[in-house]
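Here it is, the structure, as structure tokens.
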Amino acid sequence: MKALCWFGPGDVRVVEVPKPTLQAGGDVILRVTRAAVCGSDLHLLHGKIPKLAPGTVLGHEFVGVVEEVGLAVSGLQVGQRCAAAMFVACGRCLQCWSGQHPRCSEYAMFGMGDLMGGLAGGQAEYVRVPLADMTLCPIPDAMSDDAALFTGDILATAYTACLQSGIRPGDLVAVVGAGPVGLLTVSCAQLFGAARVFAVDPISERREIARQLGAVPIDPAQGDPAASLRQLTGGSRADVVIEAVGNRETLELAWRLGATGATVALVGILVDEPWPQSAGQAWMRNLTIRTVIGQPYRHRQTLFRLIESGVLQPQSIISQSVPLSQAAEAYAAMDARRTLKAVLRPD
Amino acid sequence: MKALCWFGPGDVRVVEVPKPTLQAGGDVILRVTRAAVCGSDLHLLHGKIPKLAPGTVLGHEFVGVVEEVGLAVSGLQVGQRCAAAMFVACGRCLQCWSGQHPRCSEYAMFGMGDLMGGLAGGQAEYVRVPLADMTLCPIPDAMSDDAALFTGDILATAYTACLQSGIRPGDLVAVVGAGPVGLLTVSCAQLFGAARVFAVDPISERREIARQLGAVPIDPAQGDPAASLRQLTGGSRADVVIEAVGNRETLELAWRLGATGATVALVGILVDEPWPQSAGQAWMRNLTIRTVIGQPYRHRQTLFRLIESGVLQPQSIISQSVPLSQAAEAYAAMDARRTLKAVLRPD
Amino acid sequence: MKALCWFGPGDVRVVEVPKPTLQAGGDVILRVTRAAVCGSDLHLLHGKIPKLAPGTVLGHEFVGVVEEVGLAVSGLQVGQRCAAAMFVACGRCLQCWSGQHPRCSEYAMFGMGDLMGGLAGGQAEYVRVPLADMTLCPIPDAMSDDAALFTGDILATAYTACLQSGIRPGDLVAVVGAGPVGLLTVSCAQLFGAARVFAVDPISERREIARQLGAVPIDPAQGDPAASLRQLTGGSRADVVIEAVGNRETLELAWRLGATGATVALVGILVDEPWPQSAGQAWMRNLTIRTVIGQPYRHRQTLFRLIESGVLQPQSIISQSVPLSQAAEAYAAMDARRTLKAVLRPD
Amino acid sequence: MKALCWFGPGDVRVVEVPKPTLQAGGDVILRVTRAAVCGSDLHLLHGKIPKLAPGTVLGHEFVGVVEEVGLAVSGLQVGQRCAAAMFVACGRCLQCWSGQHPRCSEYAMFGMGDLMGGLAGGQAEYVRVPLADMTLCPIPDAMSDDAALFTGDILATAYTACLQSGIRPGDLVAVVGAGPVGLLTVSCAQLFGAARVFAVDPISERREIARQLGAVPIDPAQGDPAASLRQLTGGSRADVVIEAVGNRETLELAWRLGATGATVALVGILVDEPWPQSAGQAWMRNLTIRTVIGQPYRHRQTLFRLIESGVLQPQSIISQSVPLSQAAEAYAAMDARRTLKAVLRPD
């Protein structure tokens, strides 16, 4: 079968690899009908994630149709259309019930290499899905693959970020970065009653989408965004700041956008970036800092309901849909920020 | 001064009464600039609230300008524009901190007669406001009196109902009654991420406003609303039902609209109505029943923020604005359901 | 094999029945090592639960050792010691994630007859456990069967009651009934910081155990318990009342023990009992009424931790341990309130 | 009158200063009956807090009797025994209702110099208390001054830390430092159902008190406390870590005690200490970091109830009670860790 594989920094290509087979009773082989390229895939592209072996199939955001079912799968049928979570976890242990799936002994992430369990990814024609009863979730009949696609990763992550950062009705919320996660965060923040959501991004197309999704856009080219925020609010800063990029500069900006007593949620993947302030300075400002791991298991069915009712329209951020065989070009376009969110469809 | 007084069942009139004077250090004399007629005032009109003495000045939903300030008032100035809470409470005791103001030893409600503390109401030119530092809240400069008016009662009540009934993102919410409280509940339910809000009311104008505010209207003349709800949802009933009328029939309907495990919030004033089901039946259906008392102290500043940002537009339900001297006619129009929400302005 | 079966009102007997066999891939056959007689079994004994067929094996509170494993079981091994939940549910649907298992399409309860899914119970040598990966939970090695036994029903129920009734630190809590559920509720209420827990029961032995578990006992023979409560608290009533019996008199008492604004949680099984007050009267008192269904799936691993650390010692309420063949006598003793909580062990 | 004043690093002395007088309508003059020396006073002693003018009266933890009442005080009488909050805030603005008192425009802290509002402290015979209706809280008659003393600062802080760090029943909690705040945190953590609380401190007397209060003590002299924790728990680290010292080493230890996904609450005063890990490393470990400011306004009446019922006994940590005139010696003893918590009484 065809799959998008990583061969070294900057080098991803669609090549022929063996079709996966059932290995454990709980496995499902899923025929992939949509796979997204995620911002975190760009970290992989650049070789920033350790322990990634050349030839690894990438992709952790995908939906598809059940092709084969292991003996221990109780709730799924061949032919069923399903959304996958970005990771595998048992869903039954104390950690999973607490929403701390990375502490589950079964935890593994698709397409992230040996650092996270060595599971082949879903930017491929087929993918093996372990513990499929939990990992997969049937998609409602009337919902398109595109609408369901992000419930397994970036929509669940945006939702979890808003939930865990404790947005309360009336809050002023600032979102740093209007990429795919940032834009879905703009939508989700309104589910929790944010009075106003501000979205900072240097790219005008992204600010425009943010505006359409309900945010007040802030252009960093027009001056320090923290000053812009104060101007727009009559002197206030944000009660909750959600950092959805993950580099040193955006982290520093997130810090300055938050009011005394603010919660700063870190959604963008950080690897070794330093803090903008010392621990003592954060204490003096009474900050709360939450790092966020999305919880698709717990929230995707809630998200399905919100998509079905039209409150959320996550597919609106898809900027490009290309055949799997053109996946490398999609990576390049996303990496160059020429496209917002690329989706791969079967050839 | 002029004031709307109750003289017996069905008999309210604007008459001349003495202008109130400061009686305790914490008092403020407020010159009323807007007073609303509340659904609960209609209970008073009909003599359904015990201990109401003829000559009582009615009205517990009003805003105005500080005219005189007692010696013990520390945070308010003459000339300041303020919104009043519908009740007086100390705001400092364990009960007030828990949001259970009726248990506060200082609790009294404006314009409800001796049953609730014997405090003269605000449908008048002036009103005495005890514990004014807590009872009054300055209105932001850019906010109109009409926009601020309902933060002291029905908007706070609608918001409290949604908060206490535990609406979670993705919930299906049914609101029984699209009167003033029901309509504001439709708006507030969306602050908590309701997937869909359904509003049941026999009056087509009210259903239309509900629709504009984001609800799916249900007309009881088109058949049993519980059947309509199931049809609209593909077989589901509501996760949360908010009863905003307060009579036997609407209570019975609320019960049937709720799913197994639902929360039914009772916002409409009930006096002696029976339960639609036995305790045993409610147990078998795993219902949670919450009776709701609005909490303006805790929530009005949050509501101010949501009004300032345009997320809430409570003034949109005002159907009629008349001079104080025509207050009796406004009562009659509301009682006949010829008008939705009448507001009194100075002559 | 031997099993305790119901043959008609008042008639339960241990008889020989066929040993259960695997019927679906997700099944486990469990060799029962401990089964408890639950208060709700007494409702069955008396024929108060409809649709109960003669010959039904009773028992929904049990632990055991995995004897046989279906093909679709992924997380359990033969020989593993496990605690069962009182019911079966998929654990993955929106309802299960919301803790509303009775709305799950797979919901069935052990040993309750056709009203609740027709699943044979665990007061037997063996029991078939569907969806075993979710229904069963491995018991920590150092924990005795007796200590783990109640996590599947009454301890989970007591815990859920305290959680859902919203006990906050400093609250005054009244528990009506110091039977097995009431006593565990006394323990659990302290996990949420109750300032004082009051336990009402007419049986002195039960009051004494309540006292040992941290409650202030109240003897109804010494006068109206509501008066006793006010005397013990200097005039206050309870912020939270938990009714753990389930008859008309105890329901009525629960109502009177609660303060204005109280939450009354109904844990005792109610079938058709009337409300102590009208809906209108409950509204005037600002009550919240929660009916409680225990959530073993979500909470049993938390409970394991609390048992392991010694904070909870649920086995302390076991008053009698008898061989399975004497189960009918155990029913009789519990029904006559001659024993508090009887446990059945293998012959 | 006599008061403990700061004159420079290491130099505090009891000297004669003018007795305070009423300056605003909301003021009360309180005759101090107990004042504590707080750990944060030692920061002042050493000159670590900027903008501290020589001659400043210190002390922000005190109780007393109302001596004089301003014209705008509505709820307090001369002769009333009251506990003070450590800070002044209006208690009515959006920030105060959100528990973010430092953002209130009236915010000022007693005895901390010009950095925090320049309010004279309570280690004196008398102290002026602004906004006294909110700042002071009457002490229940049966409660001693010593029992009530810490509700205005360290007990409220310990309680707020446990609440805000989200301790859930069953959690493993580690407290770094068994000084006054750490020990009260040990008590408060049990109000939220901690399965086990571990307390790390090098001083054996403090570990012994921690043990009496319910903690498992850990002695850093016996090896790395993080290794000891894993050994005591069979390999687990803490779900919640509460850092109650505030220096670089204890901060570093707190980090290592927390599990993946842990919440680390910072209660100890930090000024310019660096983080133990980079932002990226904290993200990889999925940490939540909360800095804690105690909320006496919101919680002290809850704390009163818990003290009245005997659940909390904060006075048990008082190690020394000396006359005000010996306050400098008390500072020296606390600074040298020769005494745990010194309390000043009138001469």
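Going by the order they are written in, the chains are A, B, C and D; count residues from 1 in each one.
By our rule, contacts are C-beta pairs under 8 Å (C-beta built on N, C-alpha and C of every residue); 3 or more make two chains touch, one makes a residue touch a chain.
Keep in mind that this is a model prediction, so the values were computed, not measured.
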Partner chains that chain A and chain C have in common: B, D
Pair with more cross-chain C-beta pairs in contact, given B-C and B-D: B-C
Where chain B and chain D are represented by their mean Cα positions, the distance between them in whole Å: 41
Residue numbers of chain A (touch at least two other chains): 94, 168, 170, 301-302, 305
Residues on chain D engaged by chain B in the complex (per definition of touch): 24-26, 71-75, 90-94, 97, 131, 133-134, 137, 297-298, 301-302, 304-305
Partner chain D, residues of chain A touching it in the complex: 94-95, 98, 100, 102-103, 164, 168, 170, 251, 259-261, 266, 269-276, 278-291, 293
Complex contact set, residues of chain A against chain B: 159, 168-170, 172, 191-193, 195-196, 301-303, 305-306, 308-309, 311
